[in-house]
């Protein structure tokens, strides 16, 4: 059809698709799934980091952490709004999250056990997220691409703060250094797993690539992340927990041990350390807030009547 | 110092110390004093065993035993905590059993199998009626349960068989 | 200790402890907008606390930093009012407290912006704009909840009733503050009470709520007495345990 | 009547009145009020001390504190059972507590702000309680008198442990010593107020005295407590916060400053630092436990039917 | 560290952390008898913890006391199972946990009473009788609540379902414990699982409850994995902050 040709032409020209353009239902569904998952990840991601707000060990770090979690809530808002341009409401998406029909990033099913985990999340998890997201700034869907530009800038700032936190610990007392190393030991492989299963086992990949949503494969992005991160670990003075990690001059890349993808699939399916906790926390907040949202609606209804 | 402290005198002094949680009993009557030895220099070593793992009175008892022995002329006093054989209510002496009853505390039954002595009635220490019922299986102190007598209304503690 | 340092610590502790309580809300708010808002409020208060405690440390002259003051004092040395240390309760109670506190804080900072102490004046002038937003936010919610559904009305009233007995302490003064006021450094708390009462009463009325009858201007309930002298409620110890535990566990470390 | 004469004769002979004896309604009511207030005080008293169970600074002190609070609950049970011999159920008495119709000791409306408060409660509050209660061991009502014998012995142990706690603090670091002194400063006058208003302002006194329930006046007991406590404070190395305290050789007693009885009356009327908190805590525990008590009754009813 | 010390710390941490959780109940129980009972349980567990940690400290030979071990380790050095560190939940959940834990602990201590390590054997022999009371108490409540009212039945089932995924970790072993078992020092956890299952199933059936289907013997849920290696759930940090705060605030003081 004309519409399809027009859509294909825009894609071919690497131009942005906008909400009022026509596009295939599959494109819309794929985008909603991806943007929603991204939005859900932002708001679930508030929990492991929020876990340390009341316990942050300096007022400066506390302020940085609050600001970061606030950013995540803000990103969530921004992304739900982007999804709404595709004709689905935030309430619907939250329902999908709460019933488990839509997912969030599995990384947030790991607990933050020590303060150093806040640094490791900033350095590794945000680092991996940025690696994933930078290509999305050129994604074919305009509202999503523009959201990603803004989000990536803030994430870079978060990554730098995480790095700085770890650096302070690494150069601190022996106990602090050990705490930092322990955090890196626990977060390294889950961070590698954030790029998803290896290309050979991945679904969704081809369609997303064709539609200009996904521009690099999981394995390409994972390699890029490793190549970026290893030199940083040397600056930090922290060891990447991979005995096989080494520079491969032939490939021009680091060789590294793959994460345990069986564990990844287990966590995705629900058996991560914190899956149940995260969902319960989220659903409880939503349910305990129901009366507030109802009151806001009731008030608005009353007073819009008064005005009209 | 008036002469050498004998083992008997040391034992008697330690044995008179009362249990702060069941102050009608001495630690000898309660059966937690397991041994007293005196060496040539007048130093005394005392073996105590706790009634139950968390007994917070043991430290107070240790202090009281030390004080009691110093009064009778002991030199250094060291207290060893002995865990085996574990204390049970069977270690309460016959005199101890009688004193408990006189103080209005029902003494324990001989220890059977299992934590709950089934079927044996506990007599009211005040009126002797067997018609008593358990009010709380845990009492103010960990070794007692609380009961009431249906005949005279008296609430009383019962030392559980442990 | 210099009286101005004591005064700055009082204001700083109020801001710090309320920031801590608001921080507990994050990821638990009734809607995402509110997670953002509560984080924002906490961040503003934390920022004020940091400036005030830093300044107090400088005035003291013992080299204590904001973190020394925030993390290494025992409970009896904190001088915040009881209002800010109470547990959050539900969202209505949190908003009732925010209304009471931000209305007070706005009046205080407006006055303090004219302090003869230039640092306090500068800190206050900067904070006035933030706190005006806080008061506005609280006002909107108190009105919305009070005039929302029957459930929200009941909860809002209950929240207001719970918070009310703790408000009188905000306006208690003592010889130290009186002397600072005479020097033009501090704000006379007794004077801002009238304006506070008027604003809050207006909001309460607009929210179709009943004004709690308790607590005459001259009388603070015992439950909320002594915060400035380090007498707190039992909730405070648990808050401090969380706040301080990590720092206390690593003496001498920097973070 | 014969019954009255018999009752008076028992009292005159200093013999015990037992549950199956006949006694005047006023005697019964006075006893119920006093035993209930005592029982209520035991269970409300669990709160200020329970406040430090999770935070006790050594495992030994934690065990001592748990055992003490357990004793208090046990005393509560014991005393409610003693009151039941007067024909009133524990459930009724708890209702009276929860509605505010019956009181508990005002001392428990003060907060435990530091660990040293646990010591001060043991030393001063339990010390005052013992001073009040020792004469009750000879009270005319048998079940109450016998309960008091048991309870006083345990309270003495608590007092000794409180003293020991304070002594350790007093001889500890300067911070610990200051903590102990601060606790004594805060608990001294409330402890003096535990003996009630001065005899001139006291009600209930005469009847209770005639019935052999109360054997000494408030002021006599207060003086006895001061005389006992001052020498102990010297051993502790802690200062009693009373500038006018001094030995009066003519009286053979210490002169001391009276507590603020207006404050006492305010606290009794409800305006103590923790009145509301204590009652809310107590009522919440009761209400949240309702389903458990109902289940226990339902289970007992089912299975007694099965047996019969 | 000597393997027996590691083992004693594991058992001691289990007891210590559950004692801490039970201590939170005191003054909040459904009836006064239960305040007494829960205090009693906490006291027994605390007593066991003290003996086990003291012994571990002696075996280590670094002069660490029970209090050094209880108060001055960081979270990652605690080796208790996840089951004991979870928040209390309601009374049904607390009793479900107590049933699971005391049934396990009774079997463990019964075996340990025959340990070739005389101190462990003596500690266990002493504790067996206490824990038998714990199991009995939990059994009575689980049956009463399961077979009580519709509400109590639903709550008891929910409590059991929540606790269940955390039980498998109790029976996990590792090379260290295998080696100790071969020496006759430790108890083989995998062996007592059968008896545990039988007892608990019997109680669950008598209580007219459904056995949770989850968690096969060979599979521990990730949510309850790693306690012995110091990997805990997020609830643990708050528990430790409360437990340790005062001691951490006064380095070197004795109490």
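Residue numbering begins at 1 within each chain, and the chains themselves are lettered A, B, C, D and E in the order written.
Here, contacts are C-beta pairs under 8 Å (C-beta built on N, C-alpha and C of every residue); 3 or more make two chains touch, one makes a residue touch a chain.
None of the values given here were measured: they were computed from a predicted structure.
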For chain E, the least number of touch steps when starting out from chain A: 1
Partner chains shared by chain C and chain E (touch criterion as defined above): A, D
Pair sharing more residue contacts (C-beta pairs) when A-C is set against C-D: A-C
Chain nearest the overall C-alpha centroid of the shown protein atoms: E
Approximate Å spacing (C-alpha centroids) for the pair chain A, chain B: 64
Cα-centroid distance, chain B relative to chain E, in whole angstrom: 29
Centre distance in Å when chain D and chain E are each reduced to the mean of their C-alpha atoms: 35
Contacts with 2+ other chains: residues of chain D: 55, 60, 63, 66-67, 70, 73-74, 77, 175
Multi-partner residues of chain B (at least 2 other chains): 54, 56, 135-136, 138-140, 142
Per-residue multi-chain contacts in chain E, two or more chains: 32-33, 36, 39-40, 43, 46-47, 50, 74, 241-242, 245
Chain pairs that touch, as defined at the top of this document: A-C, A-E, B-D, B-E, C-D, C-E, D-E
Residues of chain A defined as touching chain E within the complex: 48, 51, 55, 111-114, 175, 179, 182, 186, 266-267, 271-277
Contact set on chain E toward chain D in their complex: 16, 20, 23-24, 26-36, 39-40, 42-43, 46-47, 49-50, 53, 66-67, 70-71, 90-91, 143-145, 147-149, 151-152, 155, 242-243, 245-247, 250, 252-255
List of chain C residues in touch with chain E within their complex: 74, 238, 240-242, 244-245, 248-249, 251
Footprint of chain E on chain B - complex, ascending: 50, 52-56, 83-88, 114-116, 135-140, 142, 162
Chain C residues within the chain D interface of the complex: 74-76, 221-223, 225, 231-234, 236-237, 241
